[in-house]
Amino acid sequence: MELSGEHRIPAPRSVVWEALHDPEILKDCIKGCQRLEKLNDHQMEATVQAKVGPVKATFEANVDIVDPVAPERYTLTGEGKGGVAGFAKGSAEVILTEDGDDTILTYNANAKIGGKLAQLGSRLVDTTAKKYAADFFATLSEKLGGGTPTAAPAEASGAATTAAPVAPAADDAEVAGRIEPSLVEEGAYELELAGEETAIDSPHMEDTIEKAIEAEATKRAWGGPWFWGILAFAAVILVLIALQ
Amino acid sequence: MSEVKLTVNGRAVTRDVEDRTLLVTLLREHLGLTGTHVGCDTSQCGACTVHIDGHAVKSCTVLAAQVDGSEVVTIEGLADGASLHPMQEAFRTHHGLQCGFCTPGMIMMGIDIVQRHSSLDEETIRKELEGNICRCTGYHNIVKAIKAAADDMAVGTPSMAAE
Amino acid sequence: MYATNYAKATSLEDAVAKLKSSEDGKFLGGGQTLLATMKQRLAAPTDIIDVTKIPELQGISVEGGKVVIGAATTHSQVAASKEIASAIPALAELAGTIGDPAVRNMGTMGGVLANNDPAADYPAAALALDATIMTTRGEHAAADYFTGIFETALEEDEIITKIAYTIPKKAAYEKFRNPASRYSLCSVFVALLDDGPRVTVTGSGNDGVFRVTEMEEALKANWSPDAVRSIAIDPATMLADIHGSAEYRAHLVPVLAARAVAKAG
Amino acid sequence: MGEGIGARVLRKEDQRFITGKGRYTDDISERDMTHGVFVRSPHAHARIRSIDASEAKNVPGFVGIVTGQDLIDGAIGNIICGWMIYSKDGSAMKAAPWKVMDPEIVRHVGQPVAFVVAETRAAAVDAAEAVTVDYEELPALTNFHHALDPGAVEVHPEAPGNLICDWQLGDEAATDDAFAKAAHVVELDLEQNRLVPNAIEPRAAIASYNVAEEHYTLNTTSQNPHVARLCLSAFYNVAPEHKLRVIAPDVGGGFGSKIYIYPEEITCLFAARVLERPVKWVADRSESFLTDAHGRDHKTKAKLALDADLKFTGLKVETIANIGAYMSLFSSATPTYLYATLLSGQYTTPNIYCNVKLVYSHTTPVDAYRGAGRPEATFVVERIVEAAARKLGVDPIELRRKNFIREFPYQTPVLMAYDPTDFDALVEKGLAHADHAGFPARRAEAERRGKLRGMGFSCYIEACGLAPSKAVGQLGGGVGQWESAEVRVNPVGTIEILTGSHSHGQGHETTFAQVVADRLGVPVGNVAIVHGDTDKIQFGMGSYGSRSGPVGMGAIARALDKVEAKAKVIAGHLMEADPSDIVIENGELKVAGTDRKLGWHEMTLAAYTAHNLPDGIEPGLTEKAFYDPANFTFPAGCFVCEVEIDPDTGITRVVRFVAVDDFGVIVNPNVVEGQVHGGLAQGIGQALYEGAYYDDAGQLLTGSYMDYCLPRADDLPSFSLDHVETPNPNNPLGVKGCGEAGAIGAPAAVINAVTDALRTEAMTMPATPEKVWRAVQAMRAPIAAE
């Protein structure tokens, strides 16, 4: 299915970009998001308990970022596995454009759902995806509307959070510390970042990644592991598309 | 586990079942009443229709525990010895069945329909059969059978108005 | 179905207490949606708390210009109720179109309203008849109650006890069924209340049930089918699926609204 | 004669069904029985990287797991396609192997990947859910319209470009020549929607293995248990034929979908042997949607050539037929020989050419569903004839009458040799019942109410029985198409008929008994029909293709011939008369022209006591016959459909449906009418309601009754039926078969009515409210512009 939308967010582009990369903000904006975890520079996993009416399914999502151009655009690909419920996978292109003091966020997502959800509940797929996207932006706008996005992480409650709260100006060491070595071995990654040639194509030693992350983190004017946010955003689109 | 006490076809039964046990599972697997069938998994085909306290219900979408204390009648409980219920007789007389799989549900629903209407026309019967799917008969003879049974049942007992 | 615990609540307090003490409990009405979902393993509440036998959830009465219906009232009871048939015949008729007879014998009004399926029928009546949804935590005006598809103003541990519908001067429901599922694909409820006409649509709105204020205005000036027939609906606000595009659904709204007005007289 | 041929005898089998005493596969339990659940692919096309069952093994109640590799290691054979066809270049069809459970690759959503067995069904579901399959998803081809596109994803390497077979029938040059000379040419693009058979009893199997005797038993939902046993032993190598008993107990509908032997039944048997415990598998409806062979799914371009006198001179048809991911048992025959051979319809069209391209796609296999090929052919012929009439401004019935075949036997240009039928008589009755004359008034009245009315016709002919064997064999069929019957007369005179036909709703227990009652004068109640058990019946081909009547009962008639002959010899001996003077009437054997007579039971007792039998006559009275017909049978009919359309919503109601058929001799009118009703419902269902849809990724979007619109009672009218009876000259009983007629003829009649109302030929099935509404918009647009 195709899913696209355009949202005006009452905050400057840099703030929106930053917020989209803040895992805690995103976690708050994604309904039912129980966990957001970074695997490496451009991969993350999330656990989202999606709930629509009587259906309640927990999705494990993996998202990759492709071709980011900060602070304008990025493309996400990802997959959410919901066990018996089925799966969702797809990609989304997100574009941020400045419009006065506001930011227009446009996304075009192409997603597929499979398994029981596709077979039993096609009637509500589109709607639910739209609804989740709308909810996401409503919450995001609300958080950014006051112009103090950096305040958002304070709202995060610690109890169910496996990822430690990370402010936009992230502590690099902490970020790196959450890389799970077992998952780092997954495959070859190529990451090209906004005009900076930072390719990671060696066989993924943990420290290589760690260094790259540190390098990236310091290069960003706004600091922090920005990709988290993007990845989480992809997760919400993909995962939530799967809900009935 | 819950202890479920029911009256099934006039017989008191008590069974300890897992709470997730559906009524149809209790009937088929615990009580051996395999006349009630399962034809779908979205509560639409109606092959599993039984009566609970006199009303037609889809036994695949009711927990046994939910109807604890109720009186359940299944297709096996309709005939009085060798003498068939008028609805059963009508299905036979009017060739209202072919493979027979949806038939128990159809008969149970047919009785429910007749009990709720003082007079029945074809259109009403067809509307009321909305929740029972048959793939063999094209419904033609099922509708005829229910109409005929309605007439028979009206002769026997004054038709009951719905409460 | 995954393993679950079933309990019958004897009182409202009992129900709330049982939910609170459960790990991931859910209230059970007639179960025609919840059990079907659990069978598919798309829901796995640890506990289901049956509220249908709670005394406060029973009964149908007509009082002070309202029809008050207990939340555990089944669709069959609503459809067959003489009180409802004489006070709000359109509501009784609507109840008689839900699911099928066997489903109507189990399904409850409270269950439908708590679930707020975007293709359910009762929300159209509740919104059009300015219903008050009475719960263990107070009351919700229908206008504030339906907050999106499958979303309501209810808290997790809040139980609908009764629903009070305003008795309209006239009302009618025009249902267009999804030919496969028999849910509403697009259905319109029209009502003329003391404070004016109401037109609500279910089965088609992106956000679930909604009012068509433009039609209401038109009907205020001229209560006739012609008043609504040419009022266009924006397809962008409509659901789409393999049974009906947004454009088709948008087209159906005025057609059905006009028929409902004609039916209401 | 009260219970003989032609009598409306009430069905004997009904007693158990109406009292809940039917015995369907899922009603059966074996001692120590386990329950199996399949792990199925959620992807349309994927490579299986690994299957991890370690967690499943920890689920309480887990008994065992069978994977595709286990089946390969166990030397289980691939699933076969039973009919070989050839492309026009002479090359054999390119059938790719269908592994029972492919351990490496999946090619449609729902394809089984592993079979998990546990103590209870609930435990099996839990354990199946705990199996982790790692898939590498691959691009899928799910829209067969693009199967032949250059660069399309390939489903099987064995079929390059997804083309299984580029098949043809008829004389292309002569047909092209007819078009070159034609006064009129009418073209039409047509589609056959994809259907899901939806027998209300889902498929099920209980397999058990007796270790001591090395003997297997399979209870299963089969239309043809002997064919199942043959395939299971000869091709799938699960069990030797003589050590495998296949029982099809009461079966809740088939409609073609229970002809085939699917991976599930094979795996169940294998698992029962490996685990040495009975294994039960029962599909839930979701599985049925994903795995029962679907039906139809064609895309066709057709054109009809007419001369100046409006005689049809040529018909050219080009079809792409979707086969799905694998070639199922009859999948090659259904869109070829069962289709193109009927393109002559009821007409004298001298030149016909048909080309069918069979293609693979990443969808559930497609095979014979009620009518199998013949509804598709009828739709092509009857739609284009009606379209031609409208285009040329002639009455559609007149155009048909102008072209009817009236001399029989008639050899069509597409292999078939029709037996006599009176097409004119069918049409006359059809028009009368439909009150054709009153239609303009009804249409005008409907218009006053703001509704659109249309009337459509369908004059179908079908080839039934799927026999003779020799012809079928010459065309590539893999098995014989005869039927067997054994008549066992017991010492007391009661009779058991053992038949290879199988009843899953058709009423054989009654109609077959009527054939015996008619011949021997014994009460129907004294005749028992035994079917559906390979231990009881030596062999049989089962029921499909409307063959139980013409072939199954034909075999009984032949066996009865032998019984009758021997009975007369015995009776003649006992009454000291010549056997040729003995007549059998009302349960008695009489010497013609005398008052000497013997009760049927007296004769049978004599046969078994054998105290006084003629020399050379063996004791006992049991006879057997294998009946192989001389020709297909050709039921035909005229259907008239009247619809009313609400132009504002597009909702179409069938307000009147007339079906006049010629089934030859009718054994039991109740049963035959019931068959027609059911067929019509499926045909109307195809035309207005049913359709299976996949998304681009190969997910079945209509995977439950929430989205697949199976007709309900309020979607259909009551039907008006009549018949013409032209006995089939090639059949011992004169019967032709009636099981598929309704489904064959109805879609064209409905769509012809809808297109008549909408004044457009552009309407695909199912004619859903939205499609019809859009057609109304299109119809009104130019009018509004004027």
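Every chain is named by a letter (A, B, C and D) in the order it is written, and numbering of its residues begins at 1.
Methods note: a residue touches a chain if its C-beta (ideal position, glycine included) is under 8 Å from a C-beta of that chain, and two chains touch if they have at least 3 such contacts.
The model shown is predicted, which means the values in this text are computed figures rather than measured ones.
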Would you indicate which pair of chains has the most C-beta pairs in contact?
B-D
Express in whole angstrom the distance between the two chain centres, defined as the mean CA positions of subunit B and subunit C.
28
Please work out the Cα centroid separation of subunit A and subunit B, and write it as a whole number of Å.
52
Residue numbers in subunit A touching two or more further chains are 84, 116, 120, 122-123
Touching two or more other chains in subunit C are residues 1, 38, 40-41, 181, 242-243
Scan subunit D for residues touching two or more other chains and write them down.
122, 129, 286, 701-702, 704-707, 710
I'd like to see which chains touch which, written out pair by pair.
A-C, A-D, B-C, B-D, C-D
Provide the residue numbers of subunit B that touch subunit C in the complex, in ascending order.
2, 18-20, 22, 41-44, 46, 49, 52, 55-58, 60-63, 65-66, 68, 109, 112-113, 116, 128, 130-132, 162-163
Inside the complex, what are the residues of subunit D that reach subunit B?
10-11, 13-24, 26-27, 122, 198-202, 250-253, 255, 284-286, 504-507, 670-671, 673-675, 677-682, 704-706, 710, 712-714, 716, 718-719, 742
Spell out the residues on subunit D that touch subunit C in their complex, using ranges where they run on.
122, 125, 129, 286, 648-649, 689, 693, 701-702, 705-710, 715, 768-770, 773-774
Subunit D partner, complex, touching residues on subunit A are 1, 83-84, 86-87, 89, 112-116, 118-123
Any idea which subunit C residues touch subunit B in the complex?
1-6, 8, 28, 31-32, 35-36, 38-40, 50, 76-77, 80, 99-103, 105-106, 181-182
